[in-house]
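Structures follow.
Shared chain: chain A. Partners: chain B in the first complex, chain C in the second.
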Partner chain A sequence: MTRWPDRLITLLLLALLSWGGWVVVHWLLHGADWSVVSANLPLFAVGSYPSDQRWRPLLWISTCVVLVVLTLTAPRGAGWRRALPPLWIAMAPLGLWLLAGGLGLLPVGTRHWGGLTLTLLLTAGSGLLALPLGVLLALGRRSDLPVLRWSSTAYIELMRAVPLIAVLFFGQLLIPLFLPPGLEINRVLRAVLAFALFAAAYIAEDVRGGLQAIPPTQREAASVLGLSPLQTLQLVVLPQALRVALPSLTNQAVGLLQNTSLMAILGLVELLGISRSLLANPAFIGRYLEVYLWLAAVYWLACTAMALLARHLEVQLDPVRSNR
Partner chain B sequence: MRRHRLLLQLGLALLLLALIALLINNLTVNLIRTGLGLGFGWLGRPAGFALAETALPYAPSDSYLWALTIGWLNSLKVILAGLVLATLLGVAAGAARNSGNRLLRSLAGTYVALIRQVPLLLQLLFWYFVAFLGLPSMPVGGLIQLSNQGIQLLGLNLSVEFCAVLTGLTVFTGASIAEIVRGGINAVPRGQWEAFRSLGLNEGLGLRRIVLPQALPAILPALTSQYLNLAKNSTLAIAVGYADLYAVSDTTITQTGRAIEGFLLLLFSFLLLNLLISGGMSALNGAVLSRVRRSR
Partner chain C sequence: MTVAIRATDLVKSYTPGVRALDRVSLEVSSGEVLVVMGPSGSGKSTLIRTFNGLERLDGGALDVLGVRLDSTHAEPQVRAIRRRVGMVFQQFNLFPHLSILENISLAPVKVQKRPKAEVEQRALELLEQMGIQEQAEKYPAQLSGGQQQRVAIARALALDPEVMLFDEPTSALDPERVKEVLDAMRQLASGGMTMVVVTHEIGFARDVADRVMFMDQGQVVETSDPVTFFSGAREERSRRFLSQMV
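Let's look at the complex of A and B:
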């Protein structure tokens, strides 16, 4: 008796799916024109970077991809695995150097940075700044010094109450107002700072969740062993808390990558921004669907790669499995 | 030891104050340099810009304050509609992920996996430029009239911008809610399913009357944070030209140059909005918890 509604649902869904599939195939065969994507691949990858210097952002992206593949496929126990974490941390400064130039490379202004390169650089830069800031805020919020606790809590709660686009917009407007006259920082750096200040509040809450999961006996055991409070934090509490917080930190990282698209509204030509200027070009007018599908695929791939990396890290850090 | 702590706190407080003082000093110097003071007197001046969508009568000769209020109401409109629709979609998709029908289950899984890995802004642009601006003009069943100018539904006239923002927020938040609902349902012991099945209840009724009420205490807190996210995400409406609070603030600040005051107003409005949502949700939470306890 319970079988027939089940079959009815299956039939209905199949009908719906085949109709949808037919529409998609029809569009792919007769409507779609992918020249807007294929003709502009360099723009999507590096923006308006000078064409004779394009190897620099391309080299950076390829290094990132190689590192992702290496990390995911490296055999357990291989000695060179130890080199991976410092390599990952080196990626942001490396990207900054390759893009900005100096130290033997031709300097290139930030207004020429764009495309996927800028998206990844914004993510990496703000993530690297936000993580330590978030950990400090989380520790501050759990501190038994009232001044520290109140100010951390106020910062976290205020930041979490405001929409990101407002933080970014006012970051562009206000950061210059709060700096001493004469000291000017460029738009990309302002964006990275605003992103980091925003993300730190969310990271702080995730880390706090991790800190709360550590039983107080751990601290007691550490102090009995004669560890100083700082050593306890560094060697006992934080490593465990960060491991507990890792899944939610992953979500934050994926969110950060997705949210860099908001800079398109504020005029940076990262992946989404470059598409907006492309779609304004009369040669590609009306080709919204092709561009959006392409972008969705790129973002989806990048986010999925990030999630995979994080899952990998979780397995690596799991004490039960790695002791086996 | 106590003196030590007190000194440490004093030092911290002084450091914080010094930092704030430095920032404020820089701000005043910069404000003097640009010739702008701080103040809210400009709120009474006529705004001078038109708004495409107004819940209450508004003309460009009305004040900035009134324009911002209209924007706030527009935000509230799309947020409330989004909350209701995203909840319905999320509960349906979350239940579908636990369904016995394999096709339904994998469809719901694909929906969640796809939507959550693509930026909301991109999705909003898709709904606006591709889906709603591409609508052919046609009546659907007499009560609904579709066109790329807007949608008429039982006498309600919905603009394309409103529909795009609403659909985008609903679909995006629905995917997150689906995950929460699935987690909540999974947290209910399997014995409860076996019990209602052996009592002869069908799956749908059992889900609604037995499983979901028990899953609610686990679902509601996470749901609140999704609702707050939806409210904050509604500010992306500016990308498709919907005149929400943020879009009106943006125009106001560009016209008047009052960035600090504009930011404070926006902060205040959002604190109010968050308070409304989390207050409503904690009332609901309390009601649900007491009902669940009573029925035990």
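Let's look at the complex of A and C:
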């Protein structure tokens, strides 16, 4: 038998929860005005992309969605599953081509890029650049060559000591200084570069953790078989280390996606940026709650898809489990 | 008989003043099985690890299959040796992310650049020889210790080595798994393989060894044929060691 104070607390909590739930549901159904979302769906999806060319970003996003579904539902042993990894890698260049144009498509300047398309492209682009850079930094930090080791360590520690927003501002201002005069790269590319340079430092530490988890006897066994140091790294050490680092790398990927919202401050109209500019429109004034709830839902959906993909990858790469 | 390994005054020191190897000299003829015994810390593992360059010598010189290893040898010399000298470790050291078949064919394909189909055919033959052909598609974690060690032997044999080094191959195994590994090694020895085996297995040493070498504190105490060694070792130190063994 529970004592009466426990029962009282339970009843009070239940009352509080149902009252809160009712308020939320009532607001969602009657108080909220979702026209700010429904009227602007294209804007959320592709930003101010020219309306006659909208099919291009929309095609890219749909391809991404189809690929996610295919990857998660592919039956074990299906031959076409082998095609999935190269398809995934092709998504970033494909998105770049579809959005920027050229090669038969009408060129569209980056200032017209926006919305979810830009968010996903920023994530994919900076992630693809940051991963190899992070692996190289992790290897550099464990190198026997002092100069390489010290410079990698210095880079990682420096990047981790600076807030991302500062790196992004530096990126906008500093990267042009390193380029020869006359060569100018646009804001989106500068943002991707700064983002990748920042993320690489964190990825490097995750990969270093993975490398440390591989016993030195593995290298020994590989070298006894006559494998060169490079082959040992490529065939024996890295495949195992990246597998160990995968859960932390997933964390980084989800963080990467969410951090792209900081680029709104730099004036890029990705998901958050486009929402802020919408809220500045007198027609939708005061519709903060609706817009930000909608945003939260979109981010949640994207991050959940990423987490599911990562989990899927973990299972695929675990040899014993996949063989059971 | 040709000499496979000739060691002259080998010296190896990890900490200054303490010699893990203290002027060790020996010869291994090709086709011979040499068993190295001794208490832990006697330098027997260090010795066998100098034979394929896993440990660099501080003094003395080795001639392994005609290649010279000493304190100044270069990396290419070591690589030349490793392709011709197989090694099996106490802890198996299989690659956990590769299947059994991939474990065995990795080096022949990547190092010797042999065609994959031919290598896999040979790998299956070796697995059959080891009595575990049905495990080819599995992963190391799914095998017992004894099976893993036999895979490790097959992996070394896949490079067609002229000499096989065994560093306490049964010490990490459950007692009931020791025999299957020793049987595979016996089979190898009867096929004429040149072998250097660091082990505590007296039965194996007695049956298979051509000579038994006893080491203590980095030095060779005595080298005898197994009958002499186990029935009445010449040196007091060897007799004390043998009397403590079960």
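We adopt the following convention: the second predicted complex is superposed on the first by the 311 of 324 C-alpha atoms of A that agree within 3 Å, B and C clash if a C-alpha of one lies under 4 Å from a C-alpha of the other, contacts with A are read in each partner's own complex, and residues count from 1 in each chain.
Throughout what follows, a residue touches a chain if its C-beta (ideal position, glycine included) is under 8 Å from a C-beta of that chain, and two chains touch if they have at least 3 such contacts.
No experiment lies behind these values; they were computed from the predicted model shown.
Of the two partner chains placed by the overlay, only chain C lies in contact with A:243; chain B stays clear of it.
When the two complexes are overlaid on their common chain A, residue A:55 makes contact with neither chain B nor chain C. Of the two partner chains, neither chain B nor chain C is touched by A:19.
In the overlay built on the shared chain, the residue A:221 is in contact with chain C alone; chain B does not reach it.
Of the two partner chains placed around the shared chain by superposition, neither chain B nor chain C is touched by A:27. Of the two partners chain B and chain C, more chain A residues are in touch with B. When the two complexes are laid over each other on chain A, chain A has no residue in contact with both chain B and chain C. Touching chain B in their complex are the following residues of chain A: 2, 6, 9-10, 13-14, 17, 145-148, 151, 158, 161-166, 169-170, 173-174, 176-181, 254, 258-259, 261-262, 264-265, 272, 288-289, 292, 295-296, 299-300, 303-304, 307.
Of all the residues in chain A, the ones that touch chain C in their complex are 217-218, 220-228, 231, 235-236, 239-240, 243, 319-320, 323.
Interface residues of chain B, counted against chain A in their complex, comprise 5, 8-9, 12-13, 16, 23, 26-27, 29-31, 33, 100-101, 103-104, 107, 114, 117-122, 125-126, 129-130, 202-203, 232-236, 238-239, 246, 249-250, 253, 259-260, 263, 266-267, 270-271, 274. Residues 52, 54, 79, 82-83, 86-87, 89, 91, 93-99, 106-107, 110-112, 137-139, 141-142, 155-156, 159 of chain C are the ones that touch chain A when the two sit in their complex.
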